[in-house]
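All chains are identified by letter, namely A, B, C and D, in their written order; residue positions are counted from 1 within each chain.
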Amino acid sequence: MTTHIHIVKVHHLTLSFPTRKDPNPKPILNDVDFGIRDGEILGLIGNSGCGKTMTSLAIAGLLPESASITSGSIKFAGKDLLAMDPKSRRAMLGKDIGMIFQEPSTALDPLMTCGKQLEEVLTAHKDSTKTPEERRKAIIEMLETVGFTNAEEILDRYPHQLSGGQRQRVLIAGAALLKPRLLICDEPTSSLDTVTTVSILALLKDLCHKLHMTILFISHDLSAVRGFCDRVMVMKDGKIIDKDTTSDILSHPKNAYTAELLTNARLDTRLLGLEPATVDYTRSPVLTAKNITAGYGDSLFARGKNRKTDNTILHDVSLEVFPNEILGLIGSSGSGKTTLIRSLLGLLPHSGKVNIRSSSVGAIFQDPVSCLNPAHTIKWHMEEALRASGKTDNSVPRKERKAKSLAKIISVLEECGLGEQHLLRHPKELSGGQRQRVAIAMCLIQEPSLIIADEPFSSLDASSSAELLKLMTDINRERSTAFLLITHNIHIVRQICPRVIVMDSGRICEEGNTTDVLTNPKSECTSSLLDAEREIHGI
Amino acid sequence: MKRFITKAVIIAASACLMLSGFAGCTKKAGNANNYAVVGITQEPGIFDPHTVVAAGDEEIIFNIYEGLYKFDYEGNLNPCLATDVEISDDASVYTFTIRDGVKFHDGSDLDAADVVYSLKRAAGLLDGQDGVALVSELDSISDVTALSDGRVQVTLEASSYELLSCFTTGIIPENYDNCQAAPVGTGPFKFDSYTPGQSVILVKNDNYWVHDLPYLDKVTFKVCADMDAGLTELANGSIDIFPYLTPDRSNQLDETKYNVLSNGSNMVQIFALNNAVEPLNDLRVRQAINYAINRKDVISVTMDGASVELTTAMSPAMGSYYDTSLDGTFDQDIEKAKALMAEAGYENGFDLTCTVPSSYLIHVNTAVELASELKAIGINMEIKQVDWATWLDSVYAGRQYETTVIALTSDYAPYDVLSRYASTSDGNFINYSNSEVDKLLAQIPLTADVNERTALYHQVLGLLTNDACSVYLQDPATITAVSTRLEGYHVYPMYVQDMSQVKLAGN
Amino acid sequence: MSSQKTQSKRSPEASAFYIAGLILLGIVVVAFVISLFWTPYAPDATDAASKFLPPSLEHPFGTDNFGRDVLSRVMSASKYTIFISAAGVAIALILGTVSGIPAGYYGGFTDRGIMLLGNSIMCFPGILLALVAVAVFGASVTNVIWALGLVFAPTFARVCRLGTMEIKELDYITHARVMGVKPVRIMTFHIFPNLVSQLLPATVIGLANMTLFESGMSYLGLGVQPPDASFGKMLSDAQAYFRVAPWLVIFPAMMLIFYILGLYFISEGMRVSLTKGGK
Amino acid sequence: MQSKAGYLIGKLVELLLTLLVVSLLVFTAFSIIPGDAARVMLGPEASQAQVDLLRAELGLDKPLIVRYGSWLIGLLTFNPGTSYAYHMSVGELIAQRLPVTIGMSAIAMIMVIVISYPMAVLSARKPGRFGDQVCSVIGHILFAIPPYVASLLLILLAGSLFSLLTVGNYVSPSDDFIGYVGCLILPSFAIALPKIAMSFKFLRSSIIEQRTSDYVRTSKSHGLSDFKILIRHVLPNSNVSSITIISIILSDILGGSLIVEQVFNLPGLGRLLLSAISRRDFPLLSGIVFYLAFITVILYFLSDIAASLADPRIRLK
């Protein structure tokens, strides 16, 4: 092996949060030892709470006050960081070490223009640029480097006037303004959508070459490092358990935990063998929507006055869902998918016609945390669904009715892979996947002919998603329930949806047989979705 | 950062010191010293001598207006703007001789025309007054004329030997009708200004007809929210004279700074029983209540023992009119009270409501003490506090109440005190009705001889006490704190503040 | 899951607040409970012979200007304080939830109407409104309770409205709507139980603030009426004597402050454990 | 910019509607008060004829709706009638008392800001440290002391300690401005005490919250010093969230002054109010209540505007 110049060398670092009660707690970082080579992009992967963020903060010198480094050392370009005084460490920040963080929406001061905030980076390190004009020039230059074509305008914008991706670019510009040698990126893309993620990663890679920066890239998602990092480290419980080049890790994981992470990331491998029902397109559709136009209303006064300002999100959308069908609905974020289904469910005022053949439509939503009422038990939820469906028979005596409904509830729960033991639990005592199952069970007990599912997998890990998918196809087959599945995951669509609709900017831009649409995209938005997918997952 | 803050604190602190230092300086510079500040607890409102009703207003305008006659601090009625009066034998015509050389505050001289105008105005005899007397006591005047010799003749509809004390009503310049905004009288002080809620300022009348009076250049009547606020101001030296204190409050004052004067107020504090409601319409119940009450304790908790006990409707301050033989009639006797209650069929007692005006601490406190004492004979008295307006409306005018506690004020005139017990009187809010009393009250004004009148008054008092028409409690002491800076202040047996005799100590 | 539960159980800071709060509140509540059955003397029995006795074994808190036992009066005053604040908060809570939840849930004109009324009430400095209400309807315990309930209702309405607006956007409410649950049922059974955690601290703070108001009104003579004892009235009566009989001020003030402080501490404990739990 | 104007117009309409509801509430409340103003003015000894005469003179015999209309017009022209009890214009009476109430509130507000702000900044520097804990506990205790109890204690203290600060001797600002401020300092302090605690608590937690926010972390990673972060980021942001609480405190202070001036015997609106209540002085009472509410409404309105100026998220929607 060739020897490498390490820009950062972390030596047997152990870190903990001692309190008065417990002076020797379990360390958060346990004997962490690695180096970052000059000019490389090093990925640091692990689940939340594994210590990857603490590692980065230790390097940057931004550890919380309560943290204590019990042993080890950190060297940056040969200097022992832990031996330096706080002032000179602070002087390194921004100048030698730049950082960007996960949540671009809150990482900028809402009261200050972007230009001012970027200028602070320069004024904090006085030596670099002198006059305001020079500073301004430097900032504009950097904004252009990170991909803004309207850099001058961005200077005077407030953070809330920018999109998430733009904010992240501004933050990158701030971190890279003084051309630090090391850029620490702490989950910079995890709150961005796929297309933006791809562009941000490309930008980082580009910067890395242009400015000769070294990047420490932290992520919980192994798939994100594909094609981006040179080397990857895997962290678990404060220890680095695996370390290798990216290609080796992805193709031949040596460590069992790494392999597990990898399989979780590759949902698609488990999708095979799902069998949705066959659809008869000649039957009359369960749901017909014609010329749906909808938007979010303004305040009372604005609504009357300026009709010009266009708050319309959906433009003239028409679609049909046939019995037994699982219809996929894909599109980038902001394309109007959620608005569409809210209109279909009658939750939003809209123009146009929605025709639903059966009286009840079920719905399951994205967030497993808020899909159930935290104040009530699962039993209550099921009873409430049953009551709301109006399918209880009021002629039978109360006691009998109760027994009957309980039996029904249990049978539906069992169908959804839950059991009697879950009846008296509260939502917080269930896992995300279980909660989504309860949500489905609540739909099923109402015996709907159509279930609208809005990104039900996006917050679940791969195995739970797979199980949930299986449940959905089972229901589809056995109960002949139609699904309208909104997702950003094209693989799932490919696997289970016979037909797909692609949306962009509030319009349906493509519609048709899934295989046709995905292999031979006719519209630009479909191809860009597919490109982004390919970039990230390497498929 | 820290240094900055310390600095700021120091600056702020020194600014405070400077401010208050200045405040001290300027205050002293403003002292011409020859002034007095009197604390009053009632908001002044009316300065017209004929429409004035509230005692709190009268005590101020006593210094501005003068009548034909005027009381002194011993209760004597002395000639003032009149030098003499001649009363016809049947007491239906009063003829006054007007004093010479008196000037109004506006510089004009006092003459008979002014007196005629003033008396007519007070009696409602001017054009457009429809005969509604502004001063209801003078309602019986049928005509006022100026005689050729400069005297003024007053003719009454019905004879009365008891009317002289009513001629203390203020005399104002002829055809003057702006007394509310700009009072003009002949008194020792001129009206200067009134700031609602804060003060009334009077200044010396240099042309006052009594030579050398008044001594002070300026008198300020300063409004204090209540007795305790006044006490705070006294302790602070911002007022010089404060009447209507209680002994336990005046005891807290610095003796070197304040003299405390105490005197009867000629008020009658009454635990009024509505004679028209069950079970108070039963004489035995009223007697029982009278016997159940320990007046000494009432006086002890409300006035720290400084008041005069009452058993009848008149204060001993009224001198010979007061009937001393009634003293001690209702000394506390629980057994007797219980027996009377049993006799009346209430051996288990009953519930009672006492409606008291919340603005008068002394009455509220009295009610509290009474409620506690009445428990002994099984009467469970609930206290309902109402504001003064509601009290006037529903208790005094509407007579919708069971019991109440109030102090009845009056001029220093016995007829004034007792006339309210006539069954037809507007002031008979206890609904007392005794034909014998009515007869006596009609007879009194027609009786020329003072001794005979006194005997009749005694008879009325005896009947009132016999009927136990209400519970008479105390003549609350008027306790006044006067700064040692001043001397010559006298406590009147009525609701006035005479500032004309007050002067700086040692002068 | 269970580890999470123990973690969010209570921080030492929160428990310190709880303990301090419960001790202070406990003193007043114990006085209150005992006063229901027994007080050393009848609280309104006057005794002219024993006025202004300083604290002694016979009268641990001394006697007042009527010779009444201050301890007995303080005990019976705690009854009114606790009763008025509790009843007032109950009224405010009921009015607040009944108006606030629909306002938040329906939005639009319902919201505007209800909030306009609420904001209008909140535009009066609270004590002013309570004073005027009591002045209009007469000073009595019932009227004080109603006045305070009315004054505080908009505060609770706000909490409910904001909470409802937040909760109604959550998936489980959307779900319930999709399932066809009736709005009234959604508000009562789906939303209200989830507001409890927000209403609880507001209730405790409301109790304390209401006590402050009540004592202020009694101080001005427009609250609890004599001879019944209340802290505010006792303090205003004692004001004249606080140079000669300081115990008349000290003990009622102490109990009043204990009660309010106790409530504040408990609400602070709730706040701390809520925010810590949230992290 | 369009919707900015819309925001302003919306707020203005809301303001006017609120004022209308406020005026209705006030009027209805005072129309149902028992007690006859004429009887109160004339006192117990007056005859019914005199009372009736005065009633007609005051317009008390007219129907309610007519009285409301004329009253509302009076309010809008800042001339809400003549006081029954004082025989003076209500506007004039209120204007006379306003210096006390406003002065006291202003001084109290200055005290709240001047004392609580530095305390909060210092306390929030090291949350959980001894000094912070002491501040917090003192804050809680101050919070629990009713203003009138604080007043009593202050009078006691002031009497024995600093006789420089005058108690109960009101000086009008036109006579002697410094004396005026001097006589208001103690009462203002009594009102300010619990509010200092309140604003301290709020500011402290808001500063602590801001200090742990993401953009502070960003600024740290940019190499800014703690002091600079405090001044440029933490304080401006906590100020934005404090604007609402400040307006609430101001309204509380106004209410508190009503009680405290009673203790200090200051001729402010509170005493005028109580005397108006007991004298059934309807024009005066309604005038005071309405204008106090009016001031509060304006304060809330201004705080909304201030918030929109300070926060670009509201300003540039």
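Please note the rule applied: a contact is a pair of C-beta atoms (placed from the backbone, for glycine too) under 8 Å apart; a residue touches a chain by one contact, two chains touch by 3 or more.
Bear in mind the structure is a predicted one, so any value in this text is a computation, not a measurement.
J.: Determine the set of chains touching chain B that also touch chain D.
T.: Both-contact set = C.
J.: If you average the CA coordinates per chain, which chain's centre is most distant from that of chain B?
T.: Checked the centroid distances; the maximum from chain B is A.
J.: Which pairing of chains accounts for the highest number of C-beta contacts?
T.: B-D
J.: Just the number, please: Cα centre separation of chain A and chain B in whole Å.
T.: That gives a centre separation of 85 Å.
J.: If you average the CA atoms of chain A and of chain D, how many Å lie between those two points?
T.: It comes to 48 Å between the two C-alpha centres.
J.: Just curious, how far off is chain D from chain C if you go by their C-alpha centres, in Å?
T.: Between these chains, centre-to-centre, one finds 22 Å.
J.: Between chain A and chain C, what is the separation of their C-alpha centroids in Å?
T.: About 45 Å separates the centre of chain A from that of chain C.
J.: At least two partner chains per residue is the criterion; list those residues in chain A.
T.: Within chain A, the residues that touch at least two other chains are 300.
J.: Give me the residues of chain D that touch two or more other chains.
T.: Expected reply: 34, 262-263, 274, 277.
J.: Where in chain B do residues touch two or more of the other chains?
T.: Correct list: 358, 387, 390.
J.: Which word fits how the chains touch one another: line, ring, star, complete or other?
T.: Basically it's none of the tidy shapes, so other.
J.: Got a list of which chains touch which?
T.: Touching chain pairs, listed by label, come out as A-C, A-D, B-C, B-D, C-D.
J.: Could you please specify the touching residues of chain B with respect to chain D in the complex?
T.: On the chain B side, the touching residues are 1-2, 5, 8, 12, 16-17, 19-24, 26-27, 43, 45-46, 53-54, 132, 136, 180, 195-198, 223-225, 229-230, 232-233, 235-236, 238, 358-359, 387-390, 392-394, 396-397, 426-427.
J.: For chain B, which residues are in contact with chain C within the complex?
T.: 227-228, 231, 246, 248-249, 251-252, 294, 296-297, 300-301, 358, 364-365, 367-369, 371-373, 375, 383-387, 390
J.: List the residues on chain D that touch chain B in their complex, please.
T.: So the residues of chain D in touch with chain B come to 34-37, 39-47, 49-50, 53, 83, 85-88, 93, 96-97, 114, 118, 121-122, 155, 159, 162, 164-171, 176, 178-179, 181-183, 185, 227, 262-265, 267, 271-272, 274-275, 277-280.
J.: Give every residue of chain D touching chain C within the complex, in rising order.
T.: Against chain C, chain D makes touches at 14, 17-18, 21-22, 25, 29-30, 32-34, 128, 140-141, 143-149, 152, 156, 251-252, 254-256, 258-259, 262-263, 273-274, 277, 285, 289, 292-293, 296-297, 300.
J.: Can you name the residues of chain A that touch chain C in the complex?
T.: Residues 300, 345, 347, 360-367, 370-376, 384-385, 387-390, 428-429, 439, 442, 446 of chain A touch chain C in their complex.
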